[in-house]
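Think of it as A, B and C in the order they're written, each chain with its own count starting at 1.
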Amino acid sequence: MINISSAIEISGTVAFAVSGSFSAMQKRLDVFGVLIMGFVTAIGGGTIRDVLIGDTPVAWMRDYQLPLIILGTVIATILFKKYIKAFKITLFLFDALGLGLFTIIGIQKGLAAGLNPGVCVALGTITGCFGGVIRDILLNDIPLIFRKEIYATACIVGGTIYVLLMGTINEDFNKLLAVAMVCAIRIVAVKYKLTLPRFYA
Amino acid sequence: MINISSAIEISGTVAFAVSGSFSAMQKRLDVFGVLIMGFVTAIGGGTIRDVLIGDTPVAWMRDYQLPLIILGTVIATILFKKYIKAFKITLFLFDALGLGLFTIIGIQKGLAAGLNPGVCVALGTITGCFGGVIRDILLNDIPLIFRKEIYATACIVGGTIYVLLMGTINEDFNKLLAVAMVCAIRIVAVKYKLTLPRFYA
Amino acid sequence: MINISSAIEISGTVAFAVSGSFSAMQKRLDVFGVLIMGFVTAIGGGTIRDVLIGDTPVAWMRDYQLPLIILGTVIATILFKKYIKAFKITLFLFDALGLGLFTIIGIQKGLAAGLNPGVCVALGTITGCFGGVIRDILLNDIPLIFRKEIYATACIVGGTIYVLLMGTINEDFNKLLAVAMVCAIRIVAVKYKLTLPRFYA
């Protein structure tokens, strides 16, 4: 399980870093701006999580591997941007997988810190979604996840199922189920262009 | 005193959650965006305060009650938005009360952490005002408190009086006086449309 | 060395506070907004650094001197804004010096926390640059350092040299060299209008 988790986490990080770099290039930032956007999109959610629960220095500072992977990803994105566009669907799937795994990682960190299950689901959702929120704030947009598609909702549903089933079924199976649920909701939402309802004040 | 404080804090939280939800509905966010906006407006100031002084996990993560109250408030705001508009003045008064109490709570936390009184007033002002600042940043506006009306100034004046009188008069009376001062400044400022001076560069 | 460092740090803080106040006045914020902008620009980078490594309460809360210096600077900027414009070049040099020293201070804090050298360079860059990033976010602009001139790059180059030479040459000389390098890159970049390359997606 560890190797699979680790591989999915790296794929998710890569997908998030690509997404941040692309947004930055579309906004015509310089090469440093592109690098920073790749980083914050990939590590932003986990950083906010660690700061909120007080697990500092935050994760990416204690990890030798992840910053290098992100750096390599951003450079590759800049060099091969034309080709990467062709892998749009692959990237979307990595992003969905990463979103699911990041959510579960966040929940597990919250449980380990002794927080109540509802707060842990919120923490998992923050881990999965807030890299993109910081990306959008830095690029001066209203965060995408508040406006379009079902994104955070996938984390909340998957995370809630994980917390409810915890202890009743095999842990590894529960984890896989929750990640699969997050992915499935994302895929269905994007394929059928599902959106959450709006209420105007 | 505890019960009154507690009731005022809940009223303030409710008023802040309503204000965040309303702003989000006006910007046409989806239902999840409205929920998040309600939350960050209500808990943003206290969260920044706890992160800055290192009191983690931050307050809302250790509290079972507050997240539920905010959730209920946001749902009620969505359902009854037409009616809530009719309570505009009531909400404004709750907001003013909450602002005052949040300021004093922030100052007390700072004093308990051994910080100097000036820094504590800044911390109280952050507690009272920065939920609204995060709300405005997420909604892609220049924060309202930097542009309009006397808002943070009410916290600074009320907080300074509290810190200066501390130890010279009864603690509960001092607290009430400071909260009343914050409310009074807000009410006078809004009633007479007072604004701070501007200097253009 | 301590006195020189201290003098440069204060000069850098003053320059950053002036830059924040000016931006705020240009955006027509009220006097409280100008004050806050002066503060966050001056202390934002160090605050994010301290929060990320868990060194809380953050630096400015434990320091009696710095908040007063910033307050005085903001008031002076408002009063003498016409004259300060005449010192544009002086302010630019202070800013470059402060940037260099803030970078080295950040790196040293990271090393003291046992972080790896690459992460420490990132931390130094955050310390130097993120006050300006917060300023731009609050004023609703895409952060300047992602769009214009060589700014963060100067921190990265100077910081990398410092980390590489560490232990091989005299510590004080290394520090001076790194700060001088950051300044030199900034001065050359601004004088010759050098920018980083851009790649559009």
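The definition used in the following text is that contacts are C-beta pairs under 8 Å (C-beta built on N, C-alpha and C of every residue); 3 or more make two chains touch, one makes a residue touch a chain.
Keep in mind the model is a prediction, meaning the values are calculated, not measured.
If the chains shown are joined wherever they touch, the resulting network links each chain directly to all the rest. Both subunit A and subunit C derive from one sequence, and where they touch, under half of the residue numbers involved are common to the two copies. Least-squares overlay of CA atoms from subunit B onto subunit C yields a rotation of 120° to the nearest 5.
Separating the centre of subunit A from that of subunit C, both taken as means of CA atoms, is a distance of 30 Å.
Residue numbers of subunit A whose C-beta contacts span two or more other chains: 51, 54, 137, 140. Every residue of subunit B that touches subunit C in the complex is listed here, in rising order: 51-54, 110, 113, 115-116, 118-119, 122-123, 133, 137, 140-143, 145-148, 152-153, 195-201. Residues 21-22, 24-34, 36-37, 47, 51, 54, 56-58, 60-62, 64, 67, 78, 81, 137-140 of subunit B are the ones touching subunit A in the complex.
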